[in-house]
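Two complexes come next, and they have one chain in common, subunit A, joined by subunit B in the first and subunit C in the second.
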Partner chain A sequence: MATGSNGARRIVSLLRPSLVDSGVCRSCQQTLGRRNYASAATEASPSEASSTAAPPVLKPVYTINAGMVLSRAPLVTRDLEPFEKAYHFYQKRLNERLTLPFTKYFYFKRGTPADADWKNKIRERRTPARDIGHYDPYGPEAWNDELLVGSRESDPEYQAEMLVQDAESTANNTSQDTSKREEIPRPFPRVTEADKKGDHHSLNRLLPRTLYLLVQSNEGYWKFPSSPVEKDESLRGAAERTLVQSAGINMNTWTVGYHPVGHHVYDFRHPRPGQATGTTLHGEKTFFMKGRIMTGQANLSANMQNLKDFKWLAKEEIPQYVLPQYFSNVKNMLSDR
Partner chain B sequence: MALHNPLRRTAATITNSTTTSMLLSSTPQTTGPSTAAATFICSQCRHATLLRRPKRPYTFTQLITLSDGSTFTHRTTSPAPVYRTTRDTRNSLQWNPSSNKLRGLEDDEAGRLAAFRARFGRSWDAAAAPPSAIAADPKDPVAQKAAEEAAKAQEQAAQEEEDNLLDLISSFGQEEASSGKKKKD
Partner chain C sequence: MAAREPSRYMARALPRALGSTARPQGIACRRFASDEAPARRLSSQMDELETASSLEGTVSEDVAKSFDPVAQANSRKTQLPRSRYQFRSPKYYRGPLHPHQPPPPSDPSSRVFVPGPFSSPRAQQTYTSTIAQDILALCYVHNPPGFKPPPKAPRLREWDDSPPTIRTGPSVDRVVERITIHSHVKGAIKENSSWLHVAGMAIQTISNVKVTTYKSKTSVPSWGVVPGRDTCAVKAELQGENMYHFLGKLIDVVLPRIKDWPGIKGSSGDSSGNITFGLAPESVAMFPEIEVNYDMYPPKMIPGCHITLHTTAKADKDAQLLLSALGLPFYGKMIN
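So, the complex of A and B:
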């Protein structure tokens, strides 16, 4: 992936195809090769002659694949860390002590039901703010602004709930119709049903995370949708075709760029004969294009890529499914959030 | 003001009293008391001073609910705890160009609008109506009959190429009117 000395080493290893064995890692291959030369120097000349007899220099042939890393962007902001919650809560209570007092008569006309309701609530919670719990910024206990362990006041969900409850009670106290209770809809939960059920097919899961589409081949391997690039086809075109052929047309997607965001090289354990006569394939190289899904859902029922299942996974769930080598190649192009 | 400054400045106006001449002992005698109009005596005080509240208005946390149900909180001077928007980026056509609902396109499922237009509509609507009416619903027997009739009329028109255009238009309009009557029944 990174060029430089690493790339140079790779080129060197590619130029000595006789030593390439996919079962041995690259650095071990190098040391083996070096030891070969060293031992050749110490050994007798006939073996040296055989080693310098130059293995037939043939370029290893790889299949070029185009893949699509289709992602769904996060739908909600991330969850706050406990420290961040505590910090924001502290700032709110500090702000109570530092700002000008709330000018009630500017907002509430004297003698109105809203005014009476406001007075009742202030008497109860000692402060105009609804989301900082029971706290009196002007009293002698104003210094005591820290939360006890286990209290929920710093939770954003709790604060939103308190706001909604306050709006509801105001609506009920000030309305003349006492027969029916006003209901204000709560914000939607950040944890969806798909999360609770563990439904990996749903796009409605893990809202604060980026999800990626992974497909399972009939042999059981998980991967990003990818297929060989055909003749006279660009990488982007091939990636889009792959997506349509594997996950169906019922998705509104957008391919981000014309350049791949990452690649994965897979060396076969033993070279295979290629489709064209006389060629041997040493492996396949997959280049991944970046894509976004706007609407729709994957559907493998009409796929032409020998796939049997798909999942929408966050980054940290992917290593459970793909091979370790595959994940180490693709992990740097996946978003942490 | 004087309470808050740790460095207290006292302006002593020079008078002809003995204290001022004692204080100004360092100054040379050549400069008369009339030339040095005022001097400041600074003394440090270390007691706790009152911090003034900054002149910032009181702000509440408000929960904003957008028209699609997404929510966020922000700080505002408004004492209303919850605010529901009726129009925002979530139901504006400008931000949702692919939404047919927002674009105000009618989905004419039963073909009733098309039938109405064919009968009473303007000329260009009437001309465009038949294909949409045919495509509207193949299950409705009346519409299918009308479609067959229209197809027959088209065949006839193709056969009788020498018929004049006016004749064709008049027969076309009559057929439409008859199909409309059938629908009404």
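So, the complex of A and C:
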């Protein structure tokens, strides 16, 4: 099959109008075809033009777009895998078994309320560590350090709760004023209101993930904000202008670097006449700059790019909205986390 | 099937070839390794793990409830002799031919085993999820095909057998490799060793690493330092988890609370990507570990320290970019 199709390819490449030599391998042909400036220079020189008998190459004309992949960095640490939780917990108990005993005398002066509180606690949980459950690292049952099915000790939420409870009881047992109870603030929840409501417009959703700004055009297609590069405009300048024109000025953003992080090529089914110079356009090439949002929020009310909606989406949610071809082109510049 | 394949290819390709082509025909389906990169979720790849009895099947509720390892062990009538289940690593290594060999260092029964990691540090996660890719995008240098960058004079003299100490050329790969906390204890020379004990305890507390002490190598008459006699410094080397936790505490807790702290001096650095700055004793006392039982330290004896951030960057400029991305500001004239 391989030889047969290779032969067919060779015939097709002979039939194809092309400047390049058929002796050059396919991948090199492509590279040569991409060198627009170089091939333009060779065509310009008269001696070259007279010597080449091959028909002139049809150079495609594309609209060059600049896009902005605006992202919100993760705000909290990622959710740990069950294996990671179990591993960290196992190492903690192992550490209790292998290290020297806790130097109590350094941290608690004899006869103080803190010392009495400490004695109560160590009698109950048998170990100085506050977040590994009831475990006696030096006793005869120290070998029994594995968690049973259904126990919550390896869960970070449980451990945080234990630490807070310990701090609370210490504060209550050692304070002079017994009338009022001390309250230690709990850590904020990792799941926010926006997550529960499924509000895709909020920047407060999916705190452990990177969120990307996607906009919907009036025709209903989702994409990263992008628009054609104007004359005498840099890629970065065009991307920043696109962002302001599409999502408003109420955002404090930072464009990372001057190089695009990815590109998307879209070929029209049939070449269209271009608006500006009467050339025939064969498609669009979009180059994406990377951006980070610091503060603010997108606002499409005054947009000049014919957009009707926006969403902040994580990487996994993007394929539900964009076309498969688009996603396969942009997915590698999106962060896994 | 195989015979029909070329003709099918022809049927598809010929109309395209005869019509006007927009661009040179590429390979029909290009495939990259990254196209097939799996989503990095461990739990979705459990089927790729080696099969083990613990991973297969589910345990019914009542069996899980009734399982009590301690009761089982206590109900056992006879015990195995200790030598059958307790392995003791030999105290000394007696050569590769000795029958009693020490286990590898990763084995918990090894004498050099160090437990850990106990957590996944936040500073490290920020680095991998945000900073690393931003630095890659910022520092990417694009060379179009056919373009060769003009040769640059080497920063350091070329060495034939290029030892690892020589590092030249720009690099995008920048990580904090290790952190050194060093404290010169003047009181230990002038007065007594209690200064050294307190300094060691304080540095050990904030770094979670056992400190090493150092004697002076040179004579400084004005300080009263005699070489080889006085122990005058403590040092802790941080790597991995300890390093990232220390970095997180430093950046998010201690440095923002220092009054009028201008940042790290722009001229700091050894021109190979290692940046040093100092902390005053009152700043060291702001570390949460010291703050919780500040009363236990003699306030006069809490040491100041020098913190060196060793990065893989090859020039100070690159290290400054990395550290300012991590949240350490620089001030003054930036010198590479």
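Just a few scattered comments:
Rule of thumb we're sticking to: the second predicted complex is superposed on the first by the 277 of 337 C-alpha atoms of A that agree within 3 Å, B and C clash if a C-alpha of one lies under 4 Å from a C-alpha of the other, contacts with A are read in each partner's own complex, and residues count from 1 in each chain.
Definition applied: a residue touches a chain if its C-beta (ideal position, glycine included) is under 8 Å from a C-beta of that chain, and two chains touch if they have at least 3 such contacts.
Bear in mind that the values here come from a model prediction, so they are computed numbers and not experimental data.
By the touch criterion defined above, A:E157 reaches neither subunit B nor subunit C. Contacts of A:S335 after superposition: subunit C is touched, whereas subunit B is not reached.
Of the two partner chains placed by superposition, A:E230 touches none, neither subunit B nor subunit C.
When both complexes are overlaid on chain A, the residue A:F188 reaches subunit B alone and has no touch with subunit C. Once chain A of one complex is fitted onto chain A of the other, the partner contacts of A:E316 are limited to subunit C, with no touch recorded for subunit B.
Greater residue coverage of subunit A by touch, when subunit B is weighed against subunit C, goes to C. In the superposition on chain A, A:L100 contacts subunit B only, with no contact to subunit C.
Of the two partner chains placed by superposition, only subunit C is touched by A:F83; subunit B is not. Common to the subunit B and subunit C contact sets on subunit A are residues 92, 95, 98, 107. Those residues of subunit B that touch subunit A in the complex are listed here as 53-63, 65, 69-71, 73, 78-82, 98.
Against subunit B, in their complex, subunit A makes its touches with residues 76, 92, 95, 98-103, 107-108, 118, 128-131, 156, 159-160, 163-164, 166-167, 170, 184-185, 187-188, 252. Interface residues of subunit C, counted against subunit A in their complex, comprise 2-3, 5-7, 9-10, 13-14, 17-18, 20-27, 34-35, 39-43, 59, 64, 67, 69-70, 73, 108, 113, 115-120, 122, 125-126, 128-130, 133-134, 137-140, 142, 145-146, 201, 293, 296. The touching residues of subunit A, counted against subunit C in their complex, run 1, 4-5, 7-9, 11-13, 15-18, 20, 26-27, 29-35, 38, 57-58, 60, 73-74, 77-78, 80-84, 88, 91-92, 94-95, 98, 106-107, 109, 141, 144, 146, 148-150, 210, 256-257, 259, 261, 267, 271, 282-283, 290, 292, 316, 328, 332, 335-337.
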